[in-house]
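There's a structure below that I have some questions on.
Labels run A, B and C following the written order; every chain starts at residue 1.
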Amino acid sequence: METAPIIPAPKRGYSVARVTRHWYIACHASALRAKPRAVTILDTPLVLFRDDEGRPTALLDRCAHRNVPLSMGSVEGGQLVCGYHGWAFDREGTCQRVPALCGVQTGKGRRVAHFHTRESQGYVWVYMDPDHEPEVEPYVIPHLDEPGFSTVRYDAEIPATLHATCENILDVPHTAFLHRGLFRGVKRNEITAVVRREADRVSAEFLGEPRPTGLIGNLLAPQGGTVTHFDRFILPSIAQVEYGLGDRHRVVATSALTPVSDFVTRLFAVVSFKTIVPAFILRLVATPIAMRVLKQDVVMLNAQTEAVRRFDGEQFVSTDVDLLGGHIWRLLKQAERGDKPGDPVEQRVQLLA
Amino acid sequence: METAPIIPAPKRGYSVARVTRHWYIACHASALRAKPRAVTILDTPLVLFRDDEGRPTALLDRCAHRNVPLSMGSVEGGQLVCGYHGWAFDREGTCQRVPALCGVQTGKGRRVAHFHTRESQGYVWVYMDPDHEPEVEPYVIPHLDEPGFSTVRYDAEIPATLHATCENILDVPHTAFLHRGLFRGVKRNEITAVVRREADRVSAEFLGEPRPTGLIGNLLAPQGGTVTHFDRFILPSIAQVEYGLGDRHRVVATSALTPVSDFVTRLFAVVSFKTIVPAFILRLVATPIAMRVLKQDVVMLNAQTEAVRRFDGEQFVSTDVDLLGGHIWRLLKQAERGDKPGDPVEQRVQLLA
Amino acid sequence: METAPIIPAPKRGYSVARVTRHWYIACHASALRAKPRAVTILDTPLVLFRDDEGRPTALLDRCAHRNVPLSMGSVEGGQLVCGYHGWAFDREGTCQRVPALCGVQTGKGRRVAHFHTRESQGYVWVYMDPDHEPEVEPYVIPHLDEPGFSTVRYDAEIPATLHATCENILDVPHTAFLHRGLFRGVKRNEITAVVRREADRVSAEFLGEPRPTGLIGNLLAPQGGTVTHFDRFILPSIAQVEYGLGDRHRVVATSALTPVSDFVTRLFAVVSFKTIVPAFILRLVATPIAMRVLKQDVVMLNAQTEAVRRFDGEQFVSTDVDLLGGHIWRLLKQAERGDKPGDPVEQRVQLLA
């Protein structure tokens, strides 16, 4: 039978790009132990396990023999052994043993695709171009374990495309509407956004943003101060919000997103913050607010996903204040096709926030 | 991305026509209040709301911006405000406000399709050709609130095509079989049906039908009398049974059908009756019988729908006593294509009922 | 509308063949009584009933009139009467009565496909080429009710293709792995398999197989003895394991498989055995082991099915010790196409079992 591509093509008519030559978080490093672990990235079932030196290893989760998921098997002597007939695969995906076979154990075609891995900053990352050497290294999350910073991590499953999830995380206008009273006050201010697109990223810097007046604002800066605020997207799937208030408060929320399938995105968030408010108080107050914001976003993104699927495709209209969505889509498509990046771009937009 | 048609094409191989230039009941008028209401007609999600003058309004249930269902939003100042970014749409579907935008608020493409509505006889009707002026008015249900008549209304969801539902409601032969003992007695009589097809309707008049002998018959006419009986289909989706017994009994059951999707039809039934039996007694006795008949029909229509879908299409064989099904299909297809109606037709058929 | 083939084509990219000119078990003879019974074979819904002489009869489970399943109807006077309008079909599938119709009752097109049946060895078999005379007779299960043999029957539904199910039943290598400790001991022995393919079957004879050491082995032959062991596939769907130990023990497990749909196979198993161990003890000990083996196989076959469907097709790699799978596939495809069988083949393979 004909060989299908390992990474299937995305659904057409949707903002779904499949950037394979890059790294995505598969799971927390602590979650990968003795047993093999099934993970799906880019609609592709992978099995992760640790070899005899403890190195994380990723193979396509389908035995070369009868296509049973290898994640149903076990790790023996650093090899992944299928639970059906006992074929044993090494960390490169080559079958080293067929138990019932007399004589030579290896043979042409007796292999499964393998994917490069890295263990970094407490996560296992997978390079999604099978059997190819990585051209880059995984993104390094800033301020993680940096002195003076506290860190909170959380994960979530978002029922939306990677693109819709990024746009949501980095979108300012919806915070004043969907999250009314949580993030921002009722009063709107005209501010300036400076959008800068570079080879592998796009950011928006917000100028003239007043001290926040909502609940979080009162908490962070009872005495006021100048606000610095950047929203950033970095290929293939980092969505980052950086927020400073005077000299004493700084928070960087980095969301490393893993495209599970066209319409499901896994969020691995790291929030690092430096503030005069004791960390335990901040956690106590900010966590329920953050969870409520996340829940409101998940409800809305789920409704968006269902609607675009029901109409079998997107029909989006944008305005100038949709600052980053279009640029993110352009970067994703360029990276998917392997195009050379375009020239840097800088734009200034006025918006009410 | 390419623009898909707002009303999607029906599944092929089935008796599914999509007559868009006509009116369908969306909901009871009393069910449309302050909150927007989601309704699906012809597989098309609509959002209904009342503007600031209380007029029912219908738009496509998909925000022009990021495609979130507008039915998740709220009505403010007579406009429908999306729950995600706060885009506000007027009763014509034009976006009048983008909260985060500085300067001009309206813009090309910032609109959603709108559908004409009427509030009539306690129902909200929608004209399913978006952005077009209606060429006709909604059907007027006879005897509703007419002196001397009592009325019962009920709704149901039928798991079948509009065509199969119409045929079932107006089909005499199955009543003697599926509803044995409820409608008709065991004895069969040869009667004459006169079928007349006109521009927008087809009817069957039954001549020589004896006084009914089943349970309902005994109830209606203990003393006998001449029976008059008409079954009618009127475009796009009215199925009507008119039944008289002597001078003193008359019942007109009008089913206004709304094609929710190819295989789901919503039934809004109005039964108006004039009889010497006190209305409360009739309701008491007839309601459980009617509900049992409805339940038997729903079971059968559901089985029919599952079977035709399982075989991926219909393979129907008809005989002369399938009086109206073929004519209804012809009228529906002509109306779907916008053809000129054919010449009137009259046929006489003998059947055992 | 166009006529679709009665037996739909199988899904491509999978080892699914549809051999229609052959017999499959529909149900136990005792399960077919007064009421019609719905059975699906080769993705084709059938209705079985007994005519007025008690003969099993099989028709396509779709009324010619409005496609309602005939299995919702009833048997009256040896005819199958549809529950919707009362059309009555005889054992050849010809409609003999349309209750509402005056005059001639039969008419062109008023029929449903019929399938030949046999009642044999306690089962009802159906020949899956509609309206054609059978060219062969159903398989005769050996040793059923033969003096000296005891018999156990059991049924199961397997979530896998017919081919994957056959291969699993007749596959030796997986027993040492998936069923470790139940069938065979830990020690592996090199044995010889002689594979013989003939016109309608393929078998493997195992030479040099030692007395089994696992639990079943100890049970069957505490005193040792020579082992005879054959695995056989017989068209269209018989998977048979024959096992002997010395003169005194013999077990023949015949699995007659019915392809319900592409990925569901119904198993009708007959295990006939002759042994010095009292039958009731053997049943007591062997039944829970057999059930555990079956359960392990079902879990694995289900995982295989889900994986091949997730990847939308099979990507199998085989070795010499996959003795029968390739031959079975060849026989099935030849039979599906009606090809002349190839010349007999004999191969010898060494394997560790």
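We adopt the following convention: a residue touches a chain if its C-beta (ideal position, glycine included) is under 8 Å from a C-beta of that chain, and two chains touch if they have at least 3 such contacts.
Please read these numbers as outputs of a predicted model, since none were measured by experiment.
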{"item": "Subunit A on subunit C, rotation in degrees - Cα superposition, rounded to nearest 5", "value": "120"}
{"item": "Shared interface numbering between subunit C and subunit B [over half = same, under half = different]", "value": "different"}
{"item": "Centroid distance [mean C-alpha coordinates] between subunit C and subunit B, Å", "value": "48"}
{"item": "Shared-contact residues (touching 2 or more other chains) in subunit A", "value": "none"}
{"item": "Complex contacts: residues of subunit A adjacent to subunit C", "value": "1-4, 8, 45, 61-62, 64-69, 72, 83-86, 98-103, 107, 109-110"}
{"item": "Partner subunit C, residues of subunit B touching it in the complex", "value": "13, 164, 171-174, 176-178, 188, 190, 300, 303-304, 306-308, 310-321, 350-353"}
